[in-house]
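Chain nomenclature is as follows: A, B, C and D, assigned in order of appearance, with residue numbering initiated at 1 for each chain independently.
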Amino acid sequence: MGIRTAVAGASGYAGGELLRILAGHPEFEIGALTAGANAGTELGAHQPHLRSLAGRVLEETTPDALAGHDVVFLALPHGRSGPLAAELGDDVLVVDCGADHRLTDPTAWEAFYGTPHAGTWPYGLPELPGQRDALRSTRRIAVPGCYPTAVTLALFPAFAARLAEPDVVVVAASGTSGAGRSLKPHLLGSEVMGSVSAYAAGGVHRHTPEMTQNLGAVAGEPVTVSFTPTLAPMSRGILATCTAKARPGVTAAALRAAYGDAYAGEPFLGLLPEGQWPATSMTLGANTALVQVALDEAAGRIIAVAAVDNLAKGTAGGAVQSANLALGLPEELGLTTIGVSP
Amino acid sequence: MGIRTAVAGASGYAGGELLRILAGHPEFEIGALTAGANAGTELGAHQPHLRSLAGRVLEETTPDALAGHDVVFLALPHGRSGPLAAELGDDVLVVDCGADHRLTDPTAWEAFYGTPHAGTWPYGLPELPGQRDALRSTRRIAVPGCYPTAVTLALFPAFAARLAEPDVVVVAASGTSGAGRSLKPHLLGSEVMGSVSAYAAGGVHRHTPEMTQNLGAVAGEPVTVSFTPTLAPMSRGILATCTAKARPGVTAAALRAAYGDAYAGEPFLGLLPEGQWPATSMTLGANTALVQVALDEAAGRIIAVAAVDNLAKGTAGGAVQSANLALGLPEELGLTTIGVSP
Amino acid sequence: MGIRTAVAGASGYAGGELLRILAGHPEFEIGALTAGANAGTELGAHQPHLRSLAGRVLEETTPDALAGHDVVFLALPHGRSGPLAAELGDDVLVVDCGADHRLTDPTAWEAFYGTPHAGTWPYGLPELPGQRDALRSTRRIAVPGCYPTAVTLALFPAFAARLAEPDVVVVAASGTSGAGRSLKPHLLGSEVMGSVSAYAAGGVHRHTPEMTQNLGAVAGEPVTVSFTPTLAPMSRGILATCTAKARPGVTAAALRAAYGDAYAGEPFLGLLPEGQWPATSMTLGANTALVQVALDEAAGRIIAVAAVDNLAKGTAGGAVQSANLALGLPEELGLTTIGVSP
Amino acid sequence: MGIRTAVAGASGYAGGELLRILAGHPEFEIGALTAGANAGTELGAHQPHLRSLAGRVLEETTPDALAGHDVVFLALPHGRSGPLAAELGDDVLVVDCGADHRLTDPTAWEAFYGTPHAGTWPYGLPELPGQRDALRSTRRIAVPGCYPTAVTLALFPAFAARLAEPDVVVVAASGTSGAGRSLKPHLLGSEVMGSVSAYAAGGVHRHTPEMTQNLGAVAGEPVTVSFTPTLAPMSRGILATCTAKARPGVTAAALRAAYGDAYAGEPFLGLLPEGQWPATSMTLGANTALVQVALDEAAGRIIAVAAVDNLAKGTAGGAVQSANLALGLPEELGLTTIGVSP
């Protein structure tokens, strides 16, 4: 008998991706599926690609519906996870794909979200130096945001090896599923196809403090991040172009060596061969972050580009990876490094 | 009787867009259409959207074929325009959409192109401070590259108003037509759809020296540009996210005012209302650059985002705009500010 | 001073395309712009590509707002045009892009729409045999549906020449703008990109009776049409694959000759050269229908494929074409046969 | 130790999908990977999504390179498999994804391919009535074409239950990967994005005789198929809209019941709930065919729409499914019914 697992928010995109991964995982047994407005309908009406679960009826997202499971994945709008988790018991593994418990600094939380801080949970990014151990045996996991996942994985080797100044500029392109299934005019297919657009530019995107938190922790000093997200005409994927001022004397060889070292032994991180730059299609459906790095000597900047699937490694895959650790399972169990392409 | 006009490279994407604009222009009369490998075939086999010209037979690109016209537009691979122009006569207006005559610094040319410099022609970006007058009555025009068009238009107001330090980071997304009609595996639809990818990163893209040339001229000091181009799953459009370190004391209000001033009276530049960020779909088929700007105070950077149609304002539209000036016609003649959307 | 023109439904896709065409038309002067829920906002918030009109404030769609114009274009949900038109005066040209007045048979209307029939207006498809004269001087025009435009133009020559049996099967792919700007989950970019889907199959799509009406009128006998619409991952365009059983003895040469004859002199219809099949990109933004036809002798069917831009020739362009006729202007005025591609 | 498996044509799209599936299959061990022009390069240069195989060097496609394997998958241009298979030994399971051995009628082969017929192999579509047993223990498998897979699975229940007349019209939309990785202008991203186009219409597509062969076998009488393929702006997926004239007296209930019966127990066929129509995104990366069927009483036709992933169930997944049968493995082994969406 498997690990009884519930998914709250099962009719959304993150919930659907969790179910896709969980359905192929040898240890999890899928229990309650809950939803908000879609409660009472069949999963197949919203996630027709999940054939084996299509007939499951969605329950209302309540503590009662989620009770009696070993693991509960929350794929809910922010602000929802704290109260639910409080009623789930300390022995239940709660994996929150929302933002509520990612930030350690209440001031940063309040500045960007405008609500009281709900407290900090262990941050579910095992590849962040020192973080893997913090996830073993925890019963609360804050899954990183999709953009911070890409940016942190792209730049931590440069900061860990003291090759970068704390002056970071990031421009990232995301597929539309990153915005969820909300019915907003700018997310209509007619609007997004054939068009790339910027949004939340100028330092106001809510994932910014998560990036400064992660990179600052690795750098050992405050890091400023100028972050501009853009929306690209694709359903999935993030391509994050991350640049940092290079410290004096950094060489291309030293940079490449640092990345090689940092990624060694990491099953889900890949440094591409020299000359090959990432494309999001390389990671579709896979739990990988693929990275290339170069030194622009004329501009004095390190350029690291990462591709991730925002729903897989960027959300649901990362969530399962951390849950594997927390449950004492092999970290890679049920996760693939092979994408679907073309 | 109109201005006799030839287009060399008529079966490519830039050539096609030139013909689309010229066909709707009240003064130009379309004469010879030439091509390389496609010579001898009908235009409609390659440009079926140009109905009124579909039956025209493409000639070989030779000085003879191009002789006898008042204006010759060249949409050819780089290295081709110099020899052709030399045979066309000084009284013929030659508008080169290629790179050959854009750079003023032979060293930069040779570093990025690896061939001897062919000389510098007046640079066809009327909006660049001081440039409009240089285009009146010229008989040689070097049409700017598509990326430099977007980046220069996005950032020149900040430099002109002395609000920016010469430390620029640009990440731009381009539609695939920017790469032309060349048969390369990474340009196949199966590869590009659903995927954003980086390429020519790390300071090696050939449009980089054109950006430093333009911004340096406005700034009055050398400007470094870290430029990363990305390929987005769309046929047309460039979204350029351009950031520059802000000078001390710059305010958001001063920034916005500088852009308002710089764009005032420019028919093809638009500063969007506050809160509205550019999307490439706003400019499809139009000769406009639409820009939004913000100050990221925490990161200390100016963020200016520009959308242009790489084939229209970024190539063929810009070419016709400059040709209008050179011919003494109204600058806006035959050009539209209204895009096709959705 | 131009022809004073109002557009009701200006914040939608059909309304936006009407404005794009009207803004480039030499005779129309754009007056009131009205909307439903978007009344009180600026047009540029919804149609940022229409630069010259971006600052216009949308009024509520009322008879008062529309009064005082020579022409009123209605781009409204069905059921809205009848009452409005009744208050606009018989001397005002009312061009209805909605469905209300297209069908001549009240029974068909009620079967497919479930509401009382509002009466029939002259049908705005000038290329339909005999129809052009009916549009001259009319003050009421029912603009055809986008699918019926494509299907009728693709098949009328075969019926007019008595080459086809009244047994028609149509499968058409449409871009998402055909569904309008309504906020429905299946129209989200994340859902439509990378996917083709069927909908309203099995004879229930509301455009079906319009097809049988048009083709039956040309055939002089009842025609059955099996119509399956599909949604394709593009913003614009219809590709309609139309097949009809061939009458005994029909030859490919006779078929091609019939199409050549039927399209001769039609400025907006094009029969492609043999071997070239239509693509919707050939017609983007243009007022053209491009068609290819073949005889499948083994299957005994005529195959006619048409490409149109659903918003241009399929809605707004067709509307302006018919309005030109009604106003005594040249039929082609302000309309282009040249698409935007790639 | 696993079943030693070679893949010929590993750098193409079908080869890549075979490797994606084989890498996740518990019984196959991936041996030689061969290619044509790409021989000598690393797989990762062409299939960067296949991380665990990225460093493998491609060998030349020769009998020697393929020798010593238990199973050889051929993903080659047609005309190549016969000679290779002859040298591979009768005990080797050869699974040919090409067309060479699909047709039973040499005349049909020669009419559509223009070369001598290479002989017929057992047809790898286990769901075709009677076909499953023919695949057990065979050492030669002809994998069906992608379109015939979709069309046959969509219509066989109607013919098996004697509900359909032998008068079939099919229009199918395919993603661009169906055309392979060949460098042709019409397959460039700039051409296919934002556009649906028809090709090979009028009865000339080479998959047509395969459809008449399959449906005729089920019907017990010759079936005519009018087949029009279209190219849609997506990388993967086929949506096949298949219509057949209904026999007199057929009811919607009888039709639905026939499909329910025919699909019962088939792990990879799904009849969607009433009212839900297939989308190709429901099947991306999965080995499923999802179908909906309706009776259009006014037109007297059965409408069956099928979605498949052309590379998965339509090629590589179907190949592995049949190989499982031939090798005595569970038919579903290593294959998923869960797609990747959105």
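The working rule: a residue touches a chain if its C-beta (ideal position, glycine included) is under 8 Å from a C-beta of that chain, and two chains touch if they have at least 3 such contacts.
Computed from a predicted model, the values in this text were never measured in an experiment.
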| item | value |
| --- | --- |
| Chains in simultaneous contact with chain A and chain B | C, D |
| Touch-network distance, chain A to chain C, counted in steps | 1 |
| Rounded Å distance between chain B and chain D, as computed from the means of their C-alpha atoms | 44 |
| Centre-of-Cα separation between chain D and chain A, whole angstrom | 35 |
| Junction residues of chain D, two or more chains touched | 13, 177, 190-191, 193-194, 233-236, 279, 281, 284, 342 |
| Residue ranges of chain B in contact with chain D within the complex | 13, 46, 175-177, 181, 183-185, 187-194, 233-235 |
| Chain D-facing residues of chain C, complex | 169, 171, 173, 190-191, 193-199, 201-203, 208, 224-228, 230, 232-237, 239, 241, 243, 277-281, 284, 292, 294-301, 303, 305, 307, 342 |
| Contact set on chain B toward chain C in their complex | 13, 16, 20, 23-24, 42, 44-45, 47-52, 177, 193-194, 235-236, 270, 272-273, 276, 279, 281-286, 288, 290, 336-342 |
